[in-house]
Amino acid sequence: MSSYRRAATRRNIVLMIVASTLLLIWVFPLLWAVIVSLKSESEVLAYPPSVFFEPTGKNYADALFGDFSILSSLWTSTIVATATTVLTIVLAVPAAYAFARLRLPAKKTMGFYTLATQMVPPVGLVIPYFLILNKVGMLDSYEGMIIVYLTFSLPFAIWLMVSYMEDIPFEMEEAAFLDKASRLQTLWHIIIPQVRGGIAVTVIFVFLNAWNEFLFAVQLGGNNVRPVTVAMYNFVSVEQTLWAKLSAAALIAMLPVVVIGIIAQKQIVKGLTVGAVKGGGRR
Amino acid sequence: MAQGRVHLKGIYKRFGNFIALKHIDLDIQPVEFFALLGPSGSGKTTTLRMIAGLDTPDEGVIEVDGEDVTFAPPADRDIAMVFQNYALYPHMTVRDNIAFPLKMDKMPKAEIEPAVVRAAERVDIAHLLHRRPGQLSGGQQQRCALARAIVRQPKLFLLDEPLSNLDAQLRLQTRVELKKLQRALNVTAIYVTHDQEEAMTLADRMAVFLEGDILQVGTPDEVFNRPASIAVAAFIGSPPMNLLPATLDGDRLTVSGHSMTLPRAPQHPGGEVTMGVRPSHVRIDPQGLPTRLYLSENLGESALLNLYLGDELVKMRVASFNAGAEGETVPIAFDIDTIHLFESGSGRRIPLAGE
Amino acid sequence: MRREDGAHQGERRFALMLTAPGMLALLLTTTFPLAYLVWSSFQTINLAMPFMDGFAGVQNYVEMWHDSRYWHAMGLTGIYTFSSVALQVVIGMGLALLVMQIPAGQWIFRIVAILPIVLAPVVVGLFWRTLMLAPNFGMVDFLVQWLGFEQINWLGAPTPALISVIAIHTWQWTPFAFLVFLASLASLPGDVYEAARIDRANALQRFWHITLPLLRPAIIIVIIMRVMISLSAFAAIFAATGGGPGTASEILNLYAFKTSFVELNFGYGSALAVSLLIITMAVSGVLFYLRTPRRREAGA
């Protein structure tokens, strides 16, 4: 074997080692959370941390059914995230079609406006929303929460959908017009089926962002509407942190998004790169 | 100065389960213009990429001037290459594209500019130096790729179907340029093409590829006039020669019941053979074999008659378009001294006395 | 009326009909509250002292101008945004280049990179605060001591706290840059690299002369997206340090939040938020201006 080949092999080995180390940095916190969540509260406090222990499912049982059960919060998050997603798609898809394909008065202005609303930092919205919702008695209500969630999901969804709409060949619509389809029929029968993939990506992003939202949830929610990102905080109190239960609760809360993330990995990466203007949405 | 001798020994290459090259042997001489000719997918580009060092063989050795470079990176091989689809740097101007190899060679800045202009002038794109590849026509891009290759004086010049995207006129013109250029630069050139006319006119020698194998290596004349096997005979020529089953007995050859005496004795015991004859060596002969005219193709300067001799299709070139009625009977004969013979089983050429 | 106008009248009306609900929703859900925010920034609104409420004029802004905590928060926002974005781009690029090189198993990296991105920032902040950085509990703390260094109070001492929140943000979002760069790298024309190798460019030269210029658009997009996200970062810092210790990791977001919801001084909080809004808009304006490709002089 020549020295060139040996050098290439050596290089590959070094690459694999470096890459694996870096991989560990990103996997470890999650992995450790899983391990901690399987320990008993006393085992958790062992320092240096123990690696061999009797795994227990008690923390998960407690997180779901114990004193600070997050079960109802999971349901709340599901309602809020689903409703936000549905409403966003219904509003965004037609608007995106008009932006991408149709002659529209003041198109540039509206496009720029949509883009600008996407840049608004959430702290700038949570303050007035608190005052407004307080005045009209809609704090801690589903309606209020969903309206607020539209502020970050709608501009993002419109822009993501526009980039998908732009990819459809014009001939499609023209053929439909020749077949005497109305504009609405064309949108419904020709365009929307074409961008199903784009809609799926948008749904995933909007749902993830709504599920993960924290700032609005903690200030504008309450006992009635308490998304799971807020409910986890019950395991962190001033006197003591219930490490293992917190880990279990957080892992349960993140299970849906992690599953979606892994299944829809390809679509998410596409959304990150296609959305171009501001993929990933607002956190 | 023995520079630019390329020796491939038993090169074997697999992509997954697919065998792309089956133990290729090639010995390319210094300052030779060598063509790799073969149909699409036959392994020409794969071979060239291994000579360039862009790929490595699974087995076998590549030597350049006696030195084993099988696993050497391209930078260590002193080569210039024109890629099939040019591979110009899209973000650089034509000037920067051509200058790039010199810059990597750490040539002083002051010397780069005149060298770039000289190379550009040679391929007639000196007026386009400020443009980017995206603003060039296909032919201009191709010449830019050529300029980038000739701006340096490499040991080896590799060209992968560099004319395939040009129009017919430009292709003929550049073909001549290329040959002159190679002579002027005095370097070995290895030239991949699936166009046999290109190979015939440009190459000193050529290798005929088929399905990862080399069928024949030789001068264009040898390959054209003495194809080594049925496979080569069936590939070379446009259209390639007619191949007909025949019976050989001493120097008597019988085709479709019609016997003829070969002028030179074949070195073969006799029996079932395959006879080959080029379409231009078939003629109309009232005493000949009766055939049925199936279709005549007008090629402008000549015409091609498609005839059926029994079940066998025979193509015949005639001087001018002579649209005989389809179905008409045309009696033909073969120019006996241009006939090629091949063993039916192995497909090997049967040499005639004096070959 | 020109014939053409008549022909497109129907299309325009239809387009307006499609956009109206969305635009109206945006107007009501974002612009109206923002107008309210601006209005309240000129008011005294203090839920702890409601009797003081009333019109304040530019009082809040004058106070802000003289508020050293505000300027401190502003500085931290700059440091936080700049360093986290720079780290994300550099590390993300490095990782993408590395992973492009490895012969097999790229898909593992893609999967792993998705995980931090889909996690809620508040969960990331909590995990790091507890599992990784907590004194005598977290893995990082353990590792530092095991390697023989002095124990560092990661979240309890000012400078380490700032470093920690930057590191947390970088940890969560580097995979984003990584994935975008990986996708862009994969889409670069391979033959151009082969041509460069033939032209005897070494790995560093290929990166500098080929990869970097070709990736420019992707890099700019990533920078824009990441700056915007950095400027609105909240949950992870809130969960990890709450802006502390003291104000050591209190970026503008947290300052505006705490002023409003902890001190209940909504008037002043609004003014802080308005300043944040202006900064964000200005920065995005500049970034988008830079992104728009302008004609450059071609050739030498």
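We just call them A, B and C in the order they show up, numbering each chain from 1.
As a working rule, a contact is a pair of C-beta atoms (placed from the backbone, for glycine too) under 8 Å apart; a residue touches a chain by one contact, two chains touch by 3 or more.
Keep in mind that this is a model prediction, so the values were computed, not measured.
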item: Smallest number of contact steps required from chain A to reach chain B; value: 1
item: Pair of chains with maximal C-beta contact number; value: A-C
item: Separation of mean Cα positions, chain B and chain A [Å, integer]; value: 58
item: Centre-of-Cα separation between chain C and chain B, whole angstrom; value: 58
item: Centre-of-Cα separation between chain C and chain A, whole angstrom; value: 16
item: Chain A: positions in contact with at least two other chains; value: none
item: Multi-partner residues of chain B (at least 2 other chains); value: 73
item: Where chain C touches two or more other chains at once, by residue number; value: none
item: Interface residues, chain A side, partner chain C - complex; value: 12, 15-16, 18-19, 22-23, 25-30, 32-33, 36, 45, 47-49, 91-92, 94-95, 97-99, 102-105, 110, 113-114, 116-117, 119-132, 147-148, 150-151, 154-155, 158, 183-184, 187, 208, 211-215, 219, 229, 232, 236, 241, 243, 246-247, 250, 253-254, 257-258, 260-262, 265, 268-269, 272-273, 276-280, 282-283
item: List of chain B residues in touch with chain A within their complex; value: 56, 68, 70-73
item: Parts of chain C lying in touch with chain B, wherever the complex brings them together; value: 189, 191-192, 194-202, 205, 209-210, 213-214, 298-300
item: List of chain A residues in touch with chain B within their complex; value: 2, 4-5, 8
item: Complex contacts: residues of chain C adjacent to chain A; value: 8, 10-12, 14-16, 18-19, 21-23, 25-26, 29-31, 33-34, 36-37, 40, 45, 95, 98-99, 101-103, 108-124, 126-128, 130-132, 136-137, 139, 142, 146, 171, 175-176, 179-180, 183-184, 218, 221, 224-225, 228-229, 231-235, 238-239, 253, 256-257, 260-261, 266, 269-270, 273-274, 276-277, 280-281, 284
